[in-house]
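The data blocks that follow each hold one structure.
The two complexes that follow have subunit A in common; it is paired with subunit B in the first and with subunit C in the second.
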Partner chain A sequence: MILDQLILPWLLAWLMVGLGAYLVAVLDRLLATGSARDGSVWLAPLASAAWLMTQQATTTEAPDAPAWRLAPALYLALAATGLALVPWSPTLVGVDLATSLVLWGSLEALATVVIFLHGWSANAHLALIGAYRYVALGLSYLLISMFVLIGVALPAESLRLTEVVAAQTSLWHVVSQPLGLPLFLMVGLGLTFWGPLDLADSTDLSGGTAVERSGPPRLVWALARAAMLVAFSAIAATAFLGGWLGPWLPGPAWLLIKSLAVLVALLWLGRRLPRFAPERCVTLMWVVLLPLSFIDLIWAGAVALWMA
Partner chain B sequence: MALLTLTTVLMATLGLGWLLQWLPARGQPKPTYPQRAPFLGGGSPDTHAWNRYHIRYYPMTLLLIAFEMEMMFMYPWAVVFVEKGAMAVMEMGMFLAILSVGIVYAWREGVFRWQ
Partner chain C sequence: MTPSLGTHIAFGVLAAFAVLTGWRVFCTDSMVRASFFLLLSFIAVGAIMILLTAEYLGVAMFCMMAVEMMVMALFMVMFMMNPAGLNPMKMVHQERVAIVVGVIAFVVLSAVAVLSEFPDAPLPAEHVPTISLGRELLGDSMLVFETAGVVLLTTMVGVVVLSSRRGRYGCADDGSMPPGLEPGGEPAGQPSEEEGEHTHHHH
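What follows is the complex of A and B.
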């Protein structure tokens, strides 16, 4: 009982955090250079992680030191908690919570707090600008995420992720709710401030919330961001691509393949789309994407009633 | 039990993240004062960053609160949706329609322009 209910979720979550973050670094490099001709592509992330571990951790003149330490660790903890919710097969589930969709939503909301805290606690101007920008973005994508996830819960008549997967046995939600996955991918880019939605740690702020970060804390921050991208991919694969469902292969293998597909799509979008202007981002989210998520919800409701 | 497990995952990972930051850097001397000046692209800061700051987008955050309250009703609504059928559609449709008027009004007032 201790083994399946306490140790197993830990193992699943930490394994995915470690392997997933490594994979994010490798895949992003492959997508950026277009080929693996640089032989060190597998070793490069490990080398730069080891290098960061040995570097000095700089500080600012008057930071909020405990909060500054807390922010990267808490972001990592949110990602691990999200990964613990993912169902790998009908029986292999980290934590089979009756309200796992609600909990994932609360992790997304808490991420906004943590990312703001990371920028705020440095007591540096550029970091704080990144933090304020992120709050504008974070409060805008939150509603889109909620509506899209509620749409997924409707046919399942449950907020439990395992039942959301079970409801997709006849048809995956990526087909029955065509607007859902594209909108949710935008949420994923926002949640990890990746690529086009990298407003918090962008280069025009010379690194934004992480501008004053070096050494081990910088490594933990990068690790947490990559782990959150992995957690998001796994949740997206569960909610829209039928999770463990699929022929021939066992359930966990299907979930891995689907999560990897979402992850590659996100990293590819991150490399291909230009960064949005922060002030246009809010308009885009509220005026274009939020009404689209209403349509997605109405569509999901109509389909759920028609199929019931 | 499920919530307890999740709490332990959260706390253990929090501890791991903290240890990864603290262990390698524990013996390091504090950086010198010039090194600790916040980066400003060559300029030197003459104020704290924690100053009064006008968050131009604050009306948008108020609009968000209205919708977040709505989400609270939406979670239980999602569970009984198929069972209640058309009645649930009408109820939530009315609620969303009223809130959407708020978005249109805020849009007209320039809340999302953030300038």
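What follows is the complex of A and C.
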């Protein structure tokens, strides 16, 4: 029981955090163009991580000590918890909670708190602007995410991720709910403030919430963002691409392939989509994407009734 | 089913953590810190609910309280004219009333916990917490309530969109300008028009 319920999920989650974060750095470099590609694709992420490990962890004049110390670790813990929820096969699941879909939603909500605290606790103005900016944006992503995820739960008649996958045996949700995955991908870019939605840690705030960070905590923060992107890809593959379902290969292999496809799509979008101004981004979320998520939910309900 | 030793230990640790962080809410001098100490306390209570196999209520507690405390901290900072929530302020008001009410509530709740007889109804083997909770709360009215929820949210977004058109300084479509410092004067706080010149007017 201890092996099944404690050690296995722990190992699964942390293995994915470590390997996945490295993979994100490598893939992002492969997709980059220009000077962002300088150096060896495989070694450069390790070299910059090792460099950060040797640097001093500076601090600001009067930070909120507990939040300042804990925020990067908490964000990493949220990503690891997300990875523990992913079902690899009908039996190989880290944490098989009856409400794992809602738990993923609450991880997204808690991420808002942690990102806010990361910027707020520094007690420095640019970090603070980044923090408040993320709250304004994060609340808009959350609602879209909730509606899209409710749409996924409807045909399964369950909030358990394994049953969400089982409900896709005949048709994956990416086909039966065509609006779901594109909307959810935007939520993913927002949740990890990646690419066009990197408005919390953006260059116009010279690094935003992470502007005062240096050394190992900065490495943990970068690792946590990458790990959250991996966790998000795995959840998206589970909710929309049929998770472990597929012919010939074993379940975990299919999940890996699908998660990798979502991850590459996210990183590609991150490199190719234009950036928005934050206030335009809020308008886009509330006026365009949120109504689209309503339509997705109605569509999902109608399809679920029709197919039942 | 008697709970295992691990469950007892987890309950004790979580309960102590919930009380400790709840107490810290009133010791801190910052609205933001107070909100997030309260969030920590609620998270511990949510974890206790999961221990009690109320899986949906526990996880929904994480979700709702995270958003609620975040929004509460944000709005308190916005409305209290406290720049960025960094100014210290007192978290305790009307102390005598609060102490009396607190003691009464504690005594009543403790009396309920100690004196009442709880029913001894073992869980059925096929217990699905989400479905049974939904039937218990809403029964056949589920569809009505869910529809009403989405309609209410749409209404809220619509009201914000309609009402934010007329802003503090006039209609947003006309390009709203703040009023002048004197009646009929130039709009206040606008960048000066003679840019590039080094002479600035000081009033």
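Throughout what follows, the second predicted complex is superposed on the first by the 301 of 308 C-alpha atoms of A that agree within 3 Å, B and C clash if a C-alpha of one lies under 4 Å from a C-alpha of the other, contacts with A are read in each partner's own complex, and residues count from 1 in each chain.
As a convention for this text, a contact is a pair of C-beta atoms (placed from the backbone, for glycine too) under 8 Å apart; a residue touches a chain by one contact, two chains touch by 3 or more.
Everything numeric in this text was worked out from a predicted model, so none of it was measured.
Trainee: Answer with clash or fit: subunit B and subunit C placed together on subunit A by superposition.
Mentor: Superposition result for subunit B and subunit C: clash.
Trainee: Return first, second, both or neither, reflecting whether A:14 touches subunit B, subunit C, both chains, or no partner chain.
Mentor: first
Trainee: Which partner does A:90 reach: the first (subunit B), the second (subunit C), both, or neither?
Mentor: In the superposition, A:90 touches no partner, neither subunit B nor subunit C.
Trainee: Is it subunit B or subunit C that touches the larger share of residues in subunit A?
Mentor: Tallying touched residues of subunit A, the top partner is B.
Trainee: I'd like to know which partner A:159 touches here: subunit B for first, subunit C for second, both or neither.
Mentor: Both subunit B and subunit C are touched by A:159.
Trainee: Please indicate which partner A:110 is in contact with in the superposed arrangement: first for subunit B, second for subunit C, both, or neither.
Mentor: second
Trainee: Is A:122 in contact with subunit B, with subunit C, with both, or with neither (first, second, both, neither)?
Mentor: The first partner, subunit B, only.
Trainee: After the superposition on A, what does A:212 contact: first (subunit B), second (subunit C), both or neither?
Mentor: first
Trainee: Applying the document's definition of touch, where does A:287 land relative to subunit B and subunit C: first, second, both, or neither?
Mentor: Both subunit B and subunit C are touched by A:287.
Trainee: Applying the document's definition of touch, where does A:246 land relative to subunit B and subunit C: first, second, both, or neither?
Mentor: neither
Trainee: Considering 95-103, 149-157 or 185-193, which region of subunit C has C-alpha atoms that clash with subunit B after the structures are aligned on chain A?
Mentor: Among 95-103, 149-157 or 185-193, only one stretch of subunit C overlaps subunit B, namely 149-157.
Trainee: Report, in rising order, the residues of subunit A that make contact with subunit B in one complex and with subunit C in the other.
Mentor: Common to the two interfaces on subunit A: residues 97-99, 102-103, 105, 120, 123, 128, 132, 135, 139, 142-143, 158-159, 286-287, 290, 294.
Trainee: Considering the complex alone, what residue numbers of subunit A touch subunit C?
Mentor: 64, 67, 97-99, 102-103, 105-106, 109-110, 112-113, 116-117, 120, 123, 128, 132, 135, 138-139, 142-143, 158-159, 286-287, 290, 294, 297
Trainee: Within their complex, state which residues of subunit B touch subunit A.
Mentor: The touching residues are 1-3, 5-6, 8-18, 20-25, 28, 30-31, 33, 35-41, 45, 48-50, 53, 55, 57, 60-61, 63-64, 67-68, 71, 74-75, 78-83, 85-86, 88-89, 93, 96, 100, 103, 106-107, 112-115.
Trainee: Where on subunit A does subunit B make contact in their complex?
Mentor: For subunit A paired with subunit B, touching residues are 5-6, 9-10, 13-14, 17, 53-54, 56-62, 69-70, 72-81, 84-85, 94-99, 102-103, 105, 120, 122-128, 132, 135-136, 139-140, 142-143, 146, 150, 153-155, 157-159, 206, 211-212, 215-217, 219-220, 223-224, 278-279, 282-283, 286-287, 290-291, 294, 298, 301, 304-305, 308.
Trainee: Could you please specify the touching residues of subunit C with respect to subunit A in the complex?
Mentor: It is residues 30, 32-33, 36, 39, 55-56, 59-60, 62-63, 66-67, 69-71, 73-74, 84-86, 128-130, 150, 153-154, 157, 161 of subunit C that touch subunit A.
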